[in-house]
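Mind having a look at this structure? Questions to follow.
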């Protein structure tokens, strides 16, 4: 189990005023919570750049489900990588368009490669990968 | 209904060789599909910068569900914005950590503000917003 | 003149260990300096998203100077916006390719528009805009 | 020497209308130039993610030159990496603040490491790295 440590930060009062305004605007409970968020975000970004840790991500896809065989292709690709794709959520945006979000877990390189393959399927209009972390050690 | 138009692109053969290698690596069916993807991605990015269209997005959150009252707070915030938050997917990453992905739809500014508020909640370890589009006109 | 304020931050010891490793790797003098950097970077990013402040930026261009009339076109465009373009640096990368970096200052919207126009000139192979701030209040 | 190749792209007329509006707004001479820019930008981004090529970049720093010993420290660090740092441009933003832009060339990993070290120096208020390419093969 880990414990809470407290340490001091010195900051120019002018910069601190701007940071406090940011904290209010984003509805952070206090400075500690805001600083922790900045630190965690920077660490996740670094892990993802280095590719040496197990990461968690989401792949967001927008597509027209009337496109022939598209749903089958996307489902087949997800099953080919069932050890990485944890689960999926499907939203009907309008008569034609769907949003599908996949939760994935694995090495950065593998996640990137699966995202590339899904986004490149004909009929997928837009796709984006978000990398986050398992939460361990954050 | 819209129709398919065909037009010619001239490209230096050296650049085209590199583009073709990119197309193979990403498993695109052909050059048209790859070019359309680059164009759509750029247009979505521009719409999002300008903030003048209805956008679709996903908010990815990683949090420790043992954190007191956290699940209630996150659920309450989602209900406060029920006209924007379309649906949610929850994944159990380990004994402590959860991944929650929300599908959202609305003005860029509103989506950003909801994401800021969810990400700033104490106990949320990491959060990211992805903006995509409704698929209309793409 | 502004003064230095000191405040306390509480952080889980496991997260702090990872942050301290990050601080060592990036050669920060201490935790305060690292936290200030994260805070400043986030504030600059927010100002740039909102577009309501005078910003400073650099526009990086890579181009083949043998391309006919290219240098004249780029110079003419810079003079058209002499109130925004502060200065320029030119580096010869090889027999064909040049790197040119412009320092710019103005409203985010104007800087973006000048960058778009320079990057779109035929012969410019790659271009990127970086937004930073005047340093005032940071 | 490389030659110009011409190939056809098929695109939904609705998407093409939006792309043409984008082309006008960014003052591209024609569709080919706009497509080439999207392709080059994607290739540069991929090279930079993979880190397996010699890259060119710019490091943008904003700092208060009254900060004790800062200029000396920054100059010393640049000289330590004289094989990577090609040249520098200095702009006086106001009585206190300076903008310094360095042109750098080398492996992505080395460039990133130099940027990290410069940005972490006390007194540097904001720093950003832009990666582009040598222009060869683009």
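Every chain is named by a letter (A, B, C and D) in the order it is written, and numbering of its residues begins at 1.
By definition in this document, a residue touches a chain if its C-beta (ideal position, glycine included) is under 8 Å from a C-beta of that chain, and two chains touch if they have at least 3 such contacts.
Worth saying up front: this structure is predicted, and the values here are computed from it rather than measured.
Undergrad: Please identify each chain that touches subunit B as well as subunit D.
TA: Of all the chains present, none is in contact with both subunit B and subunit D.
Undergrad: Fewest touch steps from subunit A to subunit D?
TA: Counted as steps through touching chains, the separation is 2.
Undergrad: Could you grab the centroid distance between subunit B and subunit C? Build each centroid from C-alpha atoms only and quote it in angstrom.
TA: So the centre of subunit B lies 25 Å away from the centre of subunit C.
Undergrad: For subunit C and subunit D, let me know how many angstrom lie between their CA-based centres, rounded off.
TA: 9
Undergrad: Indicate the residues of subunit B shared as contacts by at least two other chains.
TA: 40, 138
Undergrad: Can you give me every chain pair that touches, using the contact definition above?
TA: A-B, A-C, B-D, C-D
Undergrad: Quick check on the complex: what are the subunit D residues that touch subunit C?
TA: So the residues of subunit D in touch with subunit C come to 25-29, 33-34, 37, 40-41, 44, 56-58, 60, 62-64, 86-89, 91, 93-94, 96-99, 101, 103, 105, 116-117, 119-120, 122, 124-128, 130, 132-136, 138.
Undergrad: Which subunit C residues qualify as touching subunit A in the complex?
TA: 2-16, 18-19, 22, 31-32, 35-36, 38-40, 42-43, 46, 137-138
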